[in-house]
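The following pair of complexes shares a single chain, chain A, combined with chain B in the former and chain C in the latter.
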Partner chain A sequence: MGYQLSFTQIWANFDKLSGGLLLSLELALISIAIGALIGLVLAIWYVSAGRIGRTLISAYVEFIRNVPLLLLVYLVFYGLPTAVNIAYSAPVSFVATLSLYAGAYLVEVFRSGLDAVPKGLMDAGKAMGLTPWQRLIYVRLPTMTRITLPALSNTFISLFKDTSIASVIAVPELTYGAQWINNKTFRIVEVYAVTTVLYVVTGYVILFGLRLLERRFRVER
Partner chain B sequence: MDAVLYSIPYLLDGLGITILVSLIVVALSLIIGVILGVGIIYGPLPLRLLIRLIGDGIRGIPILVLIFLVYYGMPALGLNLSSFWSAVTALTIFKSAHVIEYVRGAVLSIPRGQMEAGMSIGLVFRERLRFVIFPQAVRRFLPPWLNGVTDAVKGSALVSLLGVVDLMHAINQVIGRTYEPLPLYILGALLYFAINYSLSTLSKVLERRYSYIRE
Partner chain C sequence: MSATSLLQIDKLNKSFGENQVLTSVDLNVVAGEVVTIIGPSGSGKTTLLRCVNFLETYDGGSIQIDGREVGFTDSVSRKRRGEADLAGMRAETGMVFQSFNLFPHLTAEQNIMLGLRRVRKKPHKEAREIAQHWLARVGLDHKADSLPSELSGGQQQRVGIARAVAMDPKVLLLDEITSALDPELVNEVLDVVRQLAVEGMTMLVVTHEIAFARDASHRIVFMADGSGRE
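Moving on, here comes the complex of A and B:
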């Protein structure tokens, strides 16, 4: 006799999944916002930095990119509080980790985006008498944002998927919701099937929306 | 410091499992990915659509959820796999979906004329792939694929959540005994870094070396 599928318990506890999905999106959104800030500041700094600055930025980028996210999550949540005297909750710890993680990927994205701004545009800005800061804010950054939009949306989707790792430190996002329902009802196949569908559908809905946005702001070359 | 010294034999055992998992996953996903990758380029339309649908679906699932899905879902289908092989299966499925994309990108970057040239000198399809397309495509395939190998090594840390004693799990076990999380997590991070950084550096070197191919 095989396993009998039964979804009634899943729908009865669906609020754990829907609430978890919202929290997952929230974690991904906050992390990409902070990560983009980190990435942007470091990318601008990198362009003008000396050797030491560049080495430091590269060290940060390479370290984060070559270590599993799971280990970084443990490191920040369990490791760091033993050395520094700050208390933070699991969600805060996870957002901090994911932001640092996103920042490392976005530095590279923004750096190549800054490089891709046509030199003629900067020269035009100079010819109009804009100061270096004005050129950065009014010419370079807006153009760079449009160039990097596709990479940004890909990063956002992968961050959304990475939020599933928050379940290991008991942040009640979607995967944790699935584990919670499983512990209560033992309907494990059903709950992971529903969870998978939720991740895939949400991911592709977001991706579709972002692709429309990209088309709207595409740089004609 | 004592904790670090004490941990070394355990971490090395774990590291062995991490490398073993990564190697199996990388080898299997390479074979499956290349076959399906060729299928998605040259196969008949229904096959192409099927591979695209399944591949895109898999790439949309968080790897952690896929691991749980395989681990808990397989027994319901009547397949009883150990946690080690469930984890390896899940990671292989996930990696294969990525390898398909690397293959597709690499092969499609080869100009159409190459295939036609192969046809005109009378090579059959298999010979054209083997002697014309693959030798050129492999240079475009290697750098992204090597980067993907680092993803496999990083992804293998998730097998610890199924109780497989890989490097990640070994670290947590030692921490459970010594109560010194920070130095051990840093040591673990350095071990992962050493493996992955060498792989991604090799990837960059290869990319630079092959960058002359720009038709």
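Moving on, here comes the complex of A and C:
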């Protein structure tokens, strides 16, 4: 048991972790925003689409959900540029991948939320003479948002943690920063302990914020 | 068949699959009249009401409000109206639901304002004044900023009525509006309806409140097995 804990070199290189954490948050935020847009548009399309539309959307969702995220990251970063001869940076590639990934999960979340809007509310919207678009904007989406918030919170936290996978294509986010310090200092216990704490605390803060939002917007019935 | 009928239903047929719900129903309501429909559950009362604002389509016959066919461009070709057109027709009627169906994310006042703003295209200020007027009329001016979840069932239903009448509909459709209420809350809702009746609002009412049907309505239609009898 000769291992002596020493955090000195962790603190000396802490900018790799703090900068990494910021980048992780940035990657998560952009991907969630794009993914939510994809999810919302496809979910709205799905509930009004015919067979062909639904099949296409289901194919996208099932494909993404059945391929490991790590493999998707490789496919988009190494596979796609080689196949179609385009180039993009690792962070852009990762954001694209995570957005597609988030989109697939969020389609499902939004779709079930749209289905869960009570039929009576839609009837009330119809009865007062709202057009289908107005019913969507003023009745269905606001009600759906409130119904889906708890599920959304969980998805957001997962996506934040999934940014760690960007380390495999050398995007200098939090996990990559941890690996970098470990390679340089061999302080494997310390660096991963500190990194874990950073993930847990950040994840908890995000969750806490989202729970506040949920409480503010809860649909009482 | 009086020519002055505001609402004219002729030989209305409607079935859900094998199940014939309405069989050749005829009903005329003149302006200012309150007609109550009673009858056992499953006799098609609610379905009839929901056909009048085309929440349900109908298979045969005709429904006209002020001389215009409701769900179809005309009763002969039976070509379904486009969505915008349909929305415009539905705005001619107001509906109050058994389960209130207030929008849970909007306050009482906003619930009433939504249709005024988006369907009637009233400016915000005017819509707000109309909403406040009707909230006062149903005795809830002090609850304008309350969410539905903060109101009792009776209060929610009064907002539901205010939301419907604020749109100044030609016909008001009331679908078992007291059935989901605790007995002690029924009267505060029926009082509002009685007052509207006195003021000449045309109403088609489905209810189990026999006493109300007897003393507040001009005519009672008894429905059984999908057809009506007066």
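Rule of thumb we're sticking to: the second predicted complex is superposed on the first by the 219 of 221 C-alpha atoms of A that agree within 3 Å, B and C clash if a C-alpha of one lies under 4 Å from a C-alpha of the other, contacts with A are read in each partner's own complex, and residues count from 1 in each chain.
By definition in this document, a contact is a pair of C-beta atoms (placed from the backbone, for glycine too) under 8 Å apart; a residue touches a chain by one contact, two chains touch by 3 or more.
These numbers were taken from a predicted model, which means no experiment stands behind them.
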item	value
Side-by-side fit of chain B and chain C on chain A, or clash	fit
Touched partner set for A:Val41, first chain B, second chain C, both or neither	neither
First (chain B), second (chain C), both or neither touched by A:Gln134	second
Contacts of A:Thr143 with chain B and chain C, given as first, second, both or neither	second
Superposition-derived comparison: chain B or chain C, residues of chain A touched	B
Touching partner for A:Ala33 - first (chain B), second (chain C), both, neither	neither
First, second, both or neither for A:Ala59, with chain B first and chain C second	neither
First (chain B), second (chain C), both or neither touched by A:Leu22	neither
Contacts of A:Ala124 with chain B and chain C, given as first, second, both or neither	second
Chain B versus chain C as contact partner of A:Val205, first or second or both or neither	neither
Overlay on chain A, chain C to chain B nearest C-alpha distance, Å	24
Residue numbers on chain A that touch chain C, as the complex places them	118, 120-121, 123-132, 134, 138-139, 142-143, 146, 217, 219-221
Chain A residues within the chain B interface of the complex	2-3, 62-63, 65-72, 74-75, 78-80, 82-83, 161-165, 167-168, 175, 178, 182, 188-189, 192-193, 195-196, 199-200, 203-204
Touching residues (chain side chain B, partner chain A) in the complex	56-57, 60-66, 68-69, 72-73, 75-76, 78, 150, 153-158, 160-161, 168, 171-172, 175, 180-182, 184-186, 188-189, 192-193, 196-197, 200
Of all residues in chain C, those that touch chain A in their complex	53, 55, 83-84, 87-95, 97, 99, 101-105, 114-115, 118-119, 147-149, 163-164, 167, 173
